[in-house]
């Protein structure tokens, strides 16, 4: 357990100190959301109707950008070899690294989402729901994304390939994330989609590290 | 002073500008102190500059 | 304690790299792997570490911890240093200490390992400032940060100067004399004590 | 005769000069700011259309002005770096970027707070706001590019290229956003005419903010120069404090 915390806190510290990755993901999120009105026209009623979808898609794309660094940097400098011979099973190594990715990318993006809601004239009542659903949904983004990151760790043009592999896996998160925010469903519908969203994340937290560790074992050969 | 029905927006605007600029100024001062202290610590340890201005390449 | 490999056959892709290799390294011994580039030294070390599954044959550590794999009882030093440039020298060593070893007396152990490789005055500097040789030494300091009975070193003297190589040799000698064992791939004669040489080229000729 | 920029080329002389200049600029900015605030709140009338909210203009307009001026300064510094290789040009560009981004952010924020009472929503995709938003992105891009590059002299040149590309494309962006906006809705232009009674406080505030920026910019440049000295000394120190290298050198001398 001590090793797990050591790895988690080291990854968070590296992300904070190197800073670039978090800032780039947030900036990308902002730019993608701002491009939407330029493409669709500045009609505020239209924008507020599609706000939830735009925010979720932009959030997924922004998170996607930072995924490939989860294992790549550690592979390049040989850290991954040493981590693999450590006392921690590889499944927990991938779990710690996915969790660190969620803390340094998922949480900042979730906090940023309502700020960008202003640009899309999102209904004020939807803000708490938006934060809650993005926080509940983004673990799936990091933990499923780690699978793609492990699979494409050694490939050239890994970023594009990663998007191709991982985006289909995000479909359930996207559907229930949006249906929770587009409040038309009413309180019971809202609770249902929120619970399903959390369940998807829980499945991802279990599945992601297992699959990513299996992929890493092949990659380390 | 009566600023009408939208006084809150005026106050928030001024507060936001004040907080941001004050924050920047404080950060600049703190950063300046830190760099000066680092420089002094290095010089006290006997590391000397080789040329007049190696700071700028 | 004894590291034993029996009738080892290792394939990489469709190429057979190692064919029917057997050897044993006893506690207190260092085995030096020699042979030209591409002969399979790195492959053999990565197989011992457990990254590559051999096509045939057995690798085992007699007298080791039965609950751990050989890799988990080994220090593996490859061509890369596993050093993060935005962490300081001390933070790098400290991380590997906590991650690899949960034992006590961590601070003194970290300090001793940095001192052994001549980095003690640099411990507060970010590793980004280090030269290639200094980074290599920081990578090697990992060997002393946590106690492990088996050392698997792949070209450990790469980018080291003479004085630094001597420190590495001293570390390996200390390790073997206190009952550890080491397998080292290298081109250069290192002057190790209690060392045997295994020439992979000759081995291949024999097979 | 030397020009001012030539005399400033030596960082040591710049440090000396800026240390003498900084208190005066800060003091002037402070005095102007206080008098500007007095004029803005007590010596100017409420707008007959917008009421008291027009007082947001006295900080919004200076921030919007600075957002453009600072980008111009960065472009100018970048030009100075790429063409004349002026040693302080990159220090100036690097120090200005976060300050410019902050003022652009404040222009957007105060604009949005000004808009809420007028339009009933915090954000409308008005041509002017949209252009400033894109300017903000350009700032973010500059800072992100610099932070992503480790080699400082390469980072300096590459960000300078990006800044010059940005300043070239900016008018095209402005034009296209205006065009996009007229496609969809009539322009909501609300600052076209400024009543003479508001002109003086606005002018004072604009000058105060500009001086404030220059004071902060000077300080940030001084910090940056110090940071580079520290970095150079550290690099030197790492070589000097290597025990093994020192030992090897002693051996060499003894033999």
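Which chain is which? They are A, B, C and D, in the order written, and residues in each are numbered from 1.
As a working rule, contacts are C-beta pairs under 8 Å (C-beta built on N, C-alpha and C of every residue); 3 or more make two chains touch, one makes a residue touch a chain.
The UniProt protein names, listed by chain, are B = Heme exporter protein D.
The shown structure was predicted, so the numbers you read here are calculated from the model rather than taken from an experiment.
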Task: Chain separated most widely from chain B (Heme exporter protein D), comparing mean CA positions - done: C
- [ ] Round to the nearest whole Å and give the separation of the Cα centres of chain A and chain C.
- [x] 37
Task: Intercentroid distance (Cα basis), chain D paired with chain A, Å - done: 32
TODO: Just give me the whole-number Å value for how far the CA centre of chain B (Heme exporter protein D) lies from that of chain C.
DONE: 48
Task: In chain D, residues with contacts to at least two other chains - done: 234, 237
TODO: For this structure, give each pair of chains that are touching.
DONE: A-C, A-D, B-D, C-D
- [ ] Give every residue of chain D touching chain A within the complex, in rising order.
- [x] 112, 121-126, 130, 133-134, 137, 140-141, 143-144, 147-148, 177, 180-181, 183-185
Task: Residues of chain D touching chain C in the complex - done: 150, 234-235, 237-239, 241-245, 247-248, 251
- [ ] Show which residues of chain B (Heme exporter protein D) lie in contact with chain D when the two form their complex.
- [x] 1-7, 9-10, 12-14, 16-17, 20-21, 24-25, 28-29, 31-32, 35-36, 38-39, 42-43, 45, 47, 49-50, 52-57
Open item on the list: Help me check something: in the complex, which residues belonging to chain C touch chain A?
Closed with: 46, 49-53, 71-72, 74-76, 78-84, 86-87, 95-96, 98-100, 102, 139, 142
Task: Residues of chain D that touch chain B (Heme exporter protein D) when the two form their complex - done: 10-12, 41-42, 46, 51-53, 55-56, 59-60, 63, 87-88, 90-91, 98-99, 102, 105-106, 109-110, 113-114, 116-117, 152-153, 212, 216, 219-220, 222-223, 225-230, 232-234, 236-237, 240
